[in-house]
Structures are given as C-alpha cells and as structure tokens.
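Next come the structures, one after another.
Below, chain A partners chain B and then partners chain C, in two separate complexes.
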Partner chain A sequence: MPQYAFYIDTSACSGCKACQAACHDKNNTRSEIKWRRVYEIEGGGWEQQNGAFISVPFSYFISMSCNNCGSPVCVKACPTTAMHIDKNGITVVDPQLCIGCRYCEWACPYNAPQYDSIIKTMTKCDLCEDYLLAGKKPACADACPMRALDFGTFEELSRKYGEEKRLLPLPEPGLFDPGFIIKPHRDAGRATNEKVKVAAKKEI
Partner chain B sequence: MSISLNKAESNSFNRRLFLKFSAMAGALLINRGNKPGKTRAGITGIIGTGEEKIIRTGCPAHNCGGRCLLKVHVRDGIITRIETDDRPGDEVSDPQLRACIRGRSYRSRQYHPDRLKYPLKRTGKRGEGKFERITWDEALDIMHGEISRVIREYGNSALFIPYGTGSYTNLNGRWPAVRLLNLLGGCLGYYNSYSWACTNIATPYVYGTLNTGNQRQDWLNSRYIIMWGWNPAEMIDGTNSAYFIKKAREKGARTVCIDPRMSMSAVALADEWIPIRPGTDAAMMSAMAWVIITEKLTDDDFISRCCSGFDSTQMPEGCEKEESYKDYILGTRDGIPKTPEWAEKITSVPASTVARIAREYATLRPAVLYQGYGMQRRAYGEQVVRAGAALSAITGNIGIPGGWASGLASQAGSEPFWTVFPVGKNPVKTSIPVFLWTEAILRGKEMGPADGVRGAPKPDNNIKLIWCIASNILVNQHSNINRTIKILGDEKLVEFIAVQDNFLTPSAKYADLVLPACTQFETWGVEDGWKYGEEVFLTPKIADPPYETKSDYRICADLSKKFGVWDEFTSGGKDERAWAEWIIDNYYRKTRFPEMPLFKNMEESNAGVYVKPVIEPVVALAGFRKDPGRYPLKTPTGKIELFSKPLFDMNLPEEIPAVPKYITEWESPFGREAEKYPLQAIGHHYMSRVHSTHDNNKMTMNAFPQHVFMNDNDAAERKIRNGDLVRVWNDRGALVARCRVTSKIMPGVIDIPQGAWYNPGEDGTDFGGNINVLTTERWTALAKGNPQHTIMVQVEKYRKG
Partner chain C sequence: MEKDYFSLVLFTVLSQTAAGGLILREILLHSDLDYQISKEFRVLSLFITGIIIALALGAAFMHLGKQVNAVHSLRNLRSSWLSREILFIIIFSATVLLYWLNEKFWNIQVLNSILSFTGLLAGAGLLTSMSAIYMLPAVPSWNSMITPISFLITSAAGAVSLLVLLNAFCGCVTAKTLLAILAFAVILSLITSGFMFSYIKESGLLVFFIIRILMGLITLILIFLNYLNTFPNKMTALSVLFTTVLLTEMAGRVIFFLNYHKSGL
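After this line comes the complex of A and B, so read on.
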C-alpha cells in the first residue's frame, strides 16, 4: 500500500494557521485539540556593535499534522490496539478501545495524537479519510494561502519535490519513516550551528 | 450557554435557533461514540439530516485587506462547514482567493452565545454596561425621537455617524444610515481614514494622484522588492499579495523586509530581514538617497524629464533659492549630510547595510519599494511616504513594468470602488478629519481650517448625537481611551449614543441604545476586491437572522417609516436582495465590468465571485513617464514633486517641510521622555482579528492569543519570563497582559497587537490588552491623521494590588 504524505514548504510558510483553522472547522475539534498545528521555531540572537544590530535572529514555521509514519511508534506504544492502521493504510484511533493512557502521545515525536480531556480519549488526524475516499485532499492541504502544503502519495510527491525530510528541531526521520517531504527555510542552515527552540509552546 | 427557552423564544423559529446555538457549543465536544474516519463528530450528527447545500460567497471580511471566497456548507439553515476557493487552475492571472484563519473560523463568531439578540436600552450610567431589553418599536421610537430632537434643537450638523468597517459589504455597515440621514437633511461629514491617513494626504502632493500602484501581478517582473514595514502575510493587503511575492521570488526577485518585528512576512517572504527602530524609516530612506546620489546611481534622464525640486536647477517658480531635495540629502543647507553613518545612529541599522540596500535597490532594476501603512500611522507619517516615493523617483523605478512608485499605490487603470450603494448627497457640507471627532464633540464650533475642517469655515455645531454602526471606534479603536471615555461619559456633551452591532463591544457599552444587527451571512451584500482586486463578490443571505436581529439596511428601512421617508429610502420598496441586484446590474455592469454576468445569472451559477483575470498588468504612470508633457501629473508643476510648493507655502517648515525629511518624533527614544518611558510600543495588525472584530472568537484567539511581545534582553532586564503577566504604562494609561518573550522583535521595542477589547479593572487599568489606553489623541501636522504607533512606555512584571 503506498504511503500518503504531506509536502511542507517551510520556505514559504508564514505561520498563519489557515491550515489549522481549516482542520478545526472540518473536524469540529475544539481549539485546544490540534490535529494540525504550526510550530514556531526561533534561533540565533542579537549582536550589537556601536548601537547597530549586526546580527539578528532567525525563525521559521513548521506546519504538522499526523505524518502517517511507515513505522508508527504510536501504534507500537498502544497497550490496547486502539491505535491501529486501518484498511486504507491510515493510522487512526478506535475510541471504543482507547483507555486514555496517553502512551501514544508520549511516543509520537510529532505530537500527532491529541488528548481530549473531556472525553478522556486520544484523538488524531486521519488525513480527512472521508475526503480521500471522495477523491479530495485533506482540508488543510487545500487551505494554504501560500500554497505551501501539498498532499499525495510519497512517491508522487517525491517526484515533484525531492525527498528531504530533515529540518531542525524535528527528530531524525529514520526511526519513524514519516510521510512528509520538507522544503527547508532559507535559514535552515543556521539552525545546524545555532541553537533553535520551539517558541509559543502554549499555542501548540 | 446562557440562552433559555423562555416564552418569547418558544415559537418554532426560535426553538430552531436555540438548537442552532446550543448545537455549536455541543458540536465542539467530540462525541465518544463517533469513530474518527467514520461518522464525523459534531453538528451534522446533532442537527437533523436535511440536505446539505454549498453556497459560494465572499468572506465577511470586516475590511481586512483581503477579499476571499468561501464555500459555506449549510444544513437546515445552519452553517456546518466553511471551505474556501477551489476553482480549478489557480493561475497567477486569476488565482484562487483562499481565506485565512479569520474566515475559516467564522462559525465560532457566527454562533457565539454572546451575539446581541434584542434591542437594549441603557439603565445604568453610561459605560457601566447595564441595559434592559426593549421592543424594536420602542427602540425605533427612541431613535426617531432623539434624531428629531437634535435636528430641531441644534441642526443636522450635530448628528454624526463615525468611521467603522466592522461590516463592510456595500449594503451593510454605515452606508444605509448615511443614506437615511442624507434624506433627513444630512449629518456632519468626515474624510480620510484610520488606516492610511498620512499616505492618503501625502501621496497626491508627490504624484497628484493616489493611483500609483501597478497591478500586483507585475511584481513578477521585478528583480528586487523591498517590503518596507509591510506585512501582507498577516494583514492581508489584498488577497494573494503574499502569494504574488512568493511567485516573484520563484522568478528570481530578491526580497528584503525592513521592520522592527520579524513579521510573518519577514519570515516567509523575505530573503533578508532588517530590523529598524520604529519612526526612523525616513532617516534610512534619506541615507539611501545619499548613497544613490553620491555614487551617481540616479536615473538622471528620468529626474530631468519627470521630477521637480530634485536640485537647484529644477526648483518651482518663486522658490529658486529654497532648499532642494538634493540640498537636504547632501546637507548643503543644514550642514548634516544624510550619510549611512548618520542614519545608523538613528535607525540602529548598520551603515554598511544601509549603503548595500541603497546600491541593490538602485542597480537591481526594475525594483519595488512597497511602503506598508504602519509606518505612516506615526507622528510624522507624511514624511516617510514622501521619502519613499522620492527613492522610487530618483532611481527611475516609476512607470515601468517591475517598478513601483510607492505612496498609497491604489492600482492604476481601475479606480477602487469603496462604496457603490447610493448614499445620496449630504446637505451638510462641513466635514472634519476622521481622527478629530472627539475634538468636534468638545469644540466643534471653534474648529477651523487649521484643524483640517473642509467644506465650510467651521462646523456650526458640536457633535450631539452619535449613531455608531459596525464600529468599535467610540472606545476601543480611537486613541487615548481614558480621555475618550471621559468625553463620552459626559451626557451634556454627546446627548445620545446609539450603537448597532453584533456584540456588546466596549463601544456598545457606552451606548444609550443598542441595536442588534445580524451578520453578513444573514443578509445580502456585494463586496468588491478592496484596494486591488478585479473581483466582485455576491454575498447572498445564507441563514436567517437569529432572534430579533436585523440587517443594517432593514433597521434603517424600518426607521425610515417613522420619519415618513420609507419610499425614498427604499427607492420604491427595494429590499437587500433588490439592492444587490441593482448594484451588480446597474452599477458594476455599466461601469468597470460590462462583461460581468447579471445578478440572476450569478445567483443561479452559485459562483460567488466574478473575476476579471489580469493577463497584462497595468503599470501606473506609464504614459506620464513616456511623455510628461502630454500626460502631466495633477501636481502644480505637472511633474513628480520632490519639492512641493503648496507645502512650502504652508510655512510650517518644522513639521511640514517642502522636501521629505526625517523629523524626530514627539515621543521617541531620543527625547527626555525616554528616561521615564524607555520602550517604544507599536500595535501591529494581528492574525487573529480584523481590528477589533474576532477578539471574542475563541478559535482565532486561541491560535494567536493577545500578548505583549518583548525582546529577550528587555525582558531579562526586568526579570520578566515568558508567559508572565506584565503591566505596561505611560502617562495616559496602563494595561495588563501576558508577555511573550521573543527574539523576533528588536530590543527597545514592544508590540501590543491592536484591537483587543478594552476591559478595565477598578482603577482603570485595562486587562484586555488594548494598546489604545497608551496612545495619544494628538494628530499629525499635515494629514491630521492618527499617530497611534508613536508612543513610549515602561513595562514591569505585574503584581496584584
């Protein structure tokens, strides 16, 4: 079964969260349950000489939902098999089986499983499976005002966009085989030499 | 949910509405029984199983800079989903008009439990927020009685409908009320806006026109683009403006963003971000001119043919001995050459960077210098507009594909519409600068030409009645809230205030009468493409107005009956839909878009929008550039005026110089005030709101909560940590908000995004985070505009009590 994947152009993402809003609207999720969320990355610092700023920080955004990993650690971590790969190859959670232990949340390096504290169950992005079955892309992928998101099978996308999966501070992709391709931001190179952090953690 | 099923709501219509509002609240709890990927949890499961309709319409934009297309899903009269433009193609000439978070999150505003439902009459003191429910008949009687009384006792010029853009289709907001008052003898007028007061006035002094912009697709012809204080990714300066910059970069343009904040646009659209001290842009521009002139990078042919006042050889008659633009830049009169080193001390931009940007801009032609509007909402906003235009002129980047003339830059070749709805003629000829309405309350009769009064030497009244529609200007969006609420609280000054809106806003709390308006989804409207677009949107009525809400037009039509002018007001009985038809068939089709489909075809096709693709973008001032003798500008010399004789003749050289100059602001880091208030505060346009609209929308505000953004170093000095509550204050007021410590704003500057709802505590400290408790009511010299970003403040960690 081919792996579904997102193309994430971090060189053009403005962090406007239209994708996130489209996801909330389509899936009727509360604002704190973010099946798609946008990480704001900050790095570098200010350096002053005679009052003028000769070096300035950098920043970029990474929009992320479930990456539909080839080796989904959330599935491995689940003690009840609630988190499973369905017949269309999409990792989903069965709310009847989920006991809300949140192990999958711990395991996933991308924060894809999102805990709903009211119903005490994990929830997560299912790539808008109903849209996929109807021949449409997920709501987020068609939302981006910058056209910085795309969706397809990994194979299709890699022909168009290459196979880059590395961008700090995302983890090494090898362990998870995530379904995404990244176009690095102009300052991605600086991130390898200078410290980067995820800002605005409360908004994620 | 505070709505109860009382008697008044027990008819079937309102029962359904109750379900609608409750359903939204319920919808947001994901039902455990619904399996992801199978049945989608939410309102579809709760609200019946009626047929789903999809209606294409314009986004209720509330006058953000964008105009986008929404695909609204409706089931049983309830909006269940909001998608955006999915027209095939998505070509640069006719790109999809994709909505942002504000449009996509609209359901949470539409079905907000705090929506106004009934007319309300004040019971407590003004501003206390205490009201009782009254009937529409009572409300309209009060309106009729008060308007009649004020006209009788004072005259029509004591009536005022303030600026406001909270509902901004051609049939909603303030326009119907303007039409009604015009039928009743008129009201005090205003001119200009809070958005771009300075550029609106300054641009014509240079170019004789506001239409100095090429169509935006032309940016793809540029090699170099300076986004100066311009953040189109967030404030949406035209739908797709940010996307066009992306396309220009793909074609090889180099882009630079100059801004005190590392804005979304600086991150996503620029190859380089250059932080600059707020209010000093004209200094950097002048130093760029110094480099361009001294290194002989000027376009001398263009200057000699098309400019006036560049140097002593081309001074206007009677001003031959005055200081030319070049004199100022080289410092031949004032002894201060405007070198990059001079600018570095003011702007904090390294001299080498200033020089490099100047060289790049002058040599990587054609180049765009796009001026954002934030830097002209400042003490000397007029100067920065003219200084930017001067750079375009001396490098000859005007009237050519890929160039850009700067200034207001309304697109050439097709005037924007702004208002099409026929409001009629105002029999009161007097108008005031929009920002000076509190002055007109306090001393209207004493105001004169020095205050920018137009149409008559002076108003013959102070403002005595305010009818505020789709506007939060009364309290929230005007400068110096603590001053404004004192003025509004005095019932001897403004004797009657009516506010017409969707919510009990901070402004509505100062009303004597509150009129509940429906949203744009609940009535008909027509929108145009704002400043740029070649688009017309038909926005049909998608849902019924809930409870006793009515459209702005309906409210005015009902009121017109009380005045006995219903027939004239409705032009023989037109309803909202009939006006939408009139606007499309009799206005747009007979002026700019003759090929546009008829209203009825547009309605049938459910297209939502008509777009005229931009195949060959129009270039502003191209004819003038080719032959300035044959196509002169509407300036006194017919040329681009780097030196302006009309400004010279005003004889106020300190504040209104004849050539564009950097002037130190009245509150700045360079004055004595900085000892007490060392930080500059700016209030950028925030992604989560359109001005103050959406401030109560959880879906947008949780994505972008209100914050005071502060640089790490400034925070560390004050022992402030990320997430702390901080107090920000100056002599005019104080606010408390959560601090976001970030490296993405330059040291010495804080940002308090404008538009948060004013929420005062007992001692008057604002806990809503509204920057206008800190801003000043002082106006700019030439435009009489709002300088709301020119303020100095101090910040400390907030401690209760």
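After this line comes the complex of A and C, so read on.
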C-alpha cells in the first residue's frame, strides 16, 4: 500500500495559518484541538564580525499534522489497538476502543494525536480520508494560499520534490519514517549550527 | 504534559512499592539473611501489598479518559508496553490475592511455591514494562537508563521501608541491614535526580528539586535515628519513615513527569 505524504515548503510558508483554519472548518474541531498546527521556529542572535556585533536572527514556519508515518509509534504504543492503520493505509483512531490514556500523544514526536477533553478520547488528523476517496486533496493542502503544502503518495511527491525530510527542530526522521517531504527555508542551514526553538508555544 | 499527571505519580510509586515489596518478601523468606519472620508477617505483608496495589490500580483507572473502554487494554500485547504492563499488573494483583488467601486460610504448600514464583515473575515484569513505557524515542529526557534505574530504586526504597514497618508491627526485631539498604537506596535516589539536573535547570524545576533534596535528607536522618533505636515508639517512627520515603519518591516522580520534553516540536 503506498504511503500518503505531505510536501511542506518552509521557504514559501508565511505562517498565515489558513491550513489550520481550513482543518478546523472541515473537521469541525474546537480551537484547542489542532490536527494541523503552524509552528514558528526562531533562532539566531548576535554575531561578531570584523569587530562589530551584527544581529542575525531568523525564523521560519513549519505546518505540521499527522505525517502518516511508515513506522507509526502511536500505533505501536496504543494498548487497545484504537490507534490503527485502516484499509486505505491511513493511521486513524477508533473512539469505540480508545481509553484516553494519552500514551500515543507522548509517543508521537509530531504531536499528532490530540486529546478531546469532552469525549475523553484521542482524536487525530485522518488526512481528510473522505476527500481522498472522492479524489480530492486534504482541506489544509487545498487552502494554502502560498502553495506551501502539497499532498499525494510519497512516491509521487518524491518525484516532484526530492526526498528531503530533515529540518530542525524536527526529530531525526529515520526513527519514525514520517510521510513528509520538506523544502527547507533558506535559513534552515544556519539552524543546524544554532539552537532553535519553537516561538510562542502557548499559541499552539 | 497533561495536567492530571498526579494520578500517574501515585500509580507508579505505589505499584513499584508493591512489586518491590513482594519480591523482597520472597527473597527474605527464601534466604539465609538474619531476619525474623513470623506467620503474622507472612499474612500481613501480602494483605498490605494487596491494599497498595489496589490503590495503585485505582489511581491508574482515574487517569483514563474513558474507563468503560478499559476492557480493551490487552489487545495490543504484541507491540505495546502499556498493554503488557496492564497484563502484568492484573497477574500480580491476582497472585497477591490468592497468595494471601492461601497463607491465611488454605495453607497449601505447593500453591505457595507456585504463587511465590508467579509473584516474582509478575513483579519483575511489571517493573520492566513500566520502565519500557517511558523510554520513548520522542522524549529524550525520559529515554535513558536513568528511567529504569530510578524506578528500581523507588521500588527498593518503598519495599524495604514497608517490610521494616510490617516486621516491627508483628513484634519482630528490626533488621539493621535493611535500614542500611534503605539509606543506600535513598542516597541513590537523590543521585538519580541529580542526573536530571540539566533538564531540571532548563525547565525551572529547581524549586521541586530543592524540595526533593530536603525531603531526602529528612528521610536519611529518620533512617539514622531508627538505626540507633532512639525512638521510644518504634511503630510510629517506622510509620513516619515509610511515609517520608513514599513522599520523597513521589516528589522525585513529580520532577520526572514535569521533565517531559519532546525532541523537536
């Protein structure tokens, strides 16, 4: 079964959060449940060049949802098999089985499973499976005004965009085999040598 | 980290104490250590271990969002350490209950041996699976050998302080070797918190760390005074010691849970 994947162009993303809004709108999720989130990454500071201190800050945005990992740690961690890979190859959660222990939330490096404090079970992005079956792309990918998001099978996307998966501060992809391809922001190369952090965490 | 982690603090410390308590009990019963064992102790230690594991199960149950679905918890034994932990805690609890019934009423020797063996296996399995649950690649602050070591130390400290107390309750002489082991466990426990120091400093958990160190020092003083037999009421002194050991370990566990830092995002 082919692995579905997202293409995330962090050089084009303006952090407008249209993808996040489209996701809420399509899935009718409350504001605290963010199946897609936009992280602002910041780094830099001051550098001494030729005796002068120069300000070298940078920031970029990463739009992140469930990455439909090839080796999904959430599925392995779930004690009840509520988190499972369905017949279309998409990792989904069955609320009839979920005990709301939130272990999948701990295990997932991308914060994809989100706890719903009203229904007391986990919820997550299902890649807009109904749209996929109707031949459409997920709502987030279609909503992006910068065309910073694209969606398809990993094979299709890698033919178009290559296979880059590394971008700080995302974890080493080899551990999880995430279904995404990244176009790094122009400053991402600098981030490899500098401490980067997620800005405005409370907003996420 | 979700806000209701306190139920997990209770669950982990209590279940580790219970598992350690049963394992240590079996070691004491089957070893040549200079330790007085009475029939009353054999029954009471199982009864109290049962109460502690029941409290731990209650705390674990409270942590769940949808308790009604808990019946499905054993469906993923193939890959989920959480599922395996639940299996081990069920076997452990059932073993403790049967063991207590047998020691108190039936006195079937063969059954005693079987239950002793099952209890040791289930206790060891519970401690192993509990450590494996927290060693997540996505959470580097937990994914180290410090996690199983600190869990084992909690288990040892809780178990020794419990059995020393129960032994005194049954009128036996307090084994000073056990108090020395307890002091060693508490010192090791404080050292393992020190290994988390870089994360603690970063997260602003320094206040909790200082509370933990102070409580540890109070526990060490209490162990020393009990060692010297300076308290007129031994039972009260050992009860206070058991309580401070549990509180010290719980303080350490609060730091552990607040020290939840994911890699990357």
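Everything below uses one rule, namely that the second predicted complex is superposed on the first by the 196 of 204 C-alpha atoms of A that agree within 3 Å, B and C clash if a C-alpha of one lies under 4 Å from a C-alpha of the other, contacts with A are read in each partner's own complex, and residues count from 1 in each chain.
Simple rule for what comes next: a residue touches a chain if its C-beta (ideal position, glycine included) is under 8 Å from a C-beta of that chain, and two chains touch if they have at least 3 such contacts.
Everything numeric in this text was worked out from a predicted model, so none of it was measured.
Applying the stated clash criterion after superposition on chain A shows that chain B and chain C can sit side by side.
Of the two partner chains, neither chain B nor chain C is touched by A:A141. Of the two partner chains placed by superposition, A:I181 touches none, neither chain B nor chain C.
Between chain B and chain C, the partner in contact with more residues of chain A is B.
Between the C-alpha centres of chain B and chain C, as viewed from that of chain A after superposition on chain A, lies an angle of 130 degrees, to the nearest 10. Of the two partner chains placed around the shared chain by superposition, chain C is the only one that A:P171 touches, whereas chain B remains out of contact.
Of the two partner chains placed around the shared chain by superposition, neither chain B nor chain C is touched by A:A5. After overlaying the two complexes on the shared chain, residue contacts for A:R102 are found with chain C alone; chain B is out of touch. With both structures placed on the common chain, the touch criterion links A:S31 to chain B but leaves chain C unconnected. Look at A:V198: by the touch rule set out above, it reaches chain C but stays clear of chain B. Using the contact criterion defined above for the overlaid structures, shared-chain residue A:Y115 touches chain C, although it does not reach chain B. Put simply, chain B and chain C get as close as 10 Å, counting only Cα atoms, in the superposed view. Comparing the two interfaces of chain A, the one with chain B and the one with chain C have residues 96, 119, 121 in common.
Partner chain B is touched in their complex by these residues of chain A: 11-18, 20-22, 24-33, 42, 44-46, 48-54, 56-57, 59-61, 86, 90, 92-96, 116, 118-119, 121, 123-124, 126, 129-130, 139, 142-148, 185-186, 199-200, 202-203.
Across the interface of their complex, chain C is touched by residues 39, 62, 64, 73, 75-82, 96-103, 105-111, 115, 117, 119-121, 168-172, 175-176, 198 of chain A. Note for the complex: chain B touches chain A at residues 27-37, 40-43, 81-84, 86, 90, 98-101, 104-105, 107, 233-234, 239-240, 242-243, 246, 262, 264-265, 267-269, 271, 273-275, 344-345, 348-351, 687, 698-700, 702-705, 711-713, 723, 740, 742-744, 746-747. Taken together, the chain C residues at the contact with chain A in this complex read 2, 63-67, 69-70, 72-76, 79-83, 86, 133, 136-139, 260, 262-265.
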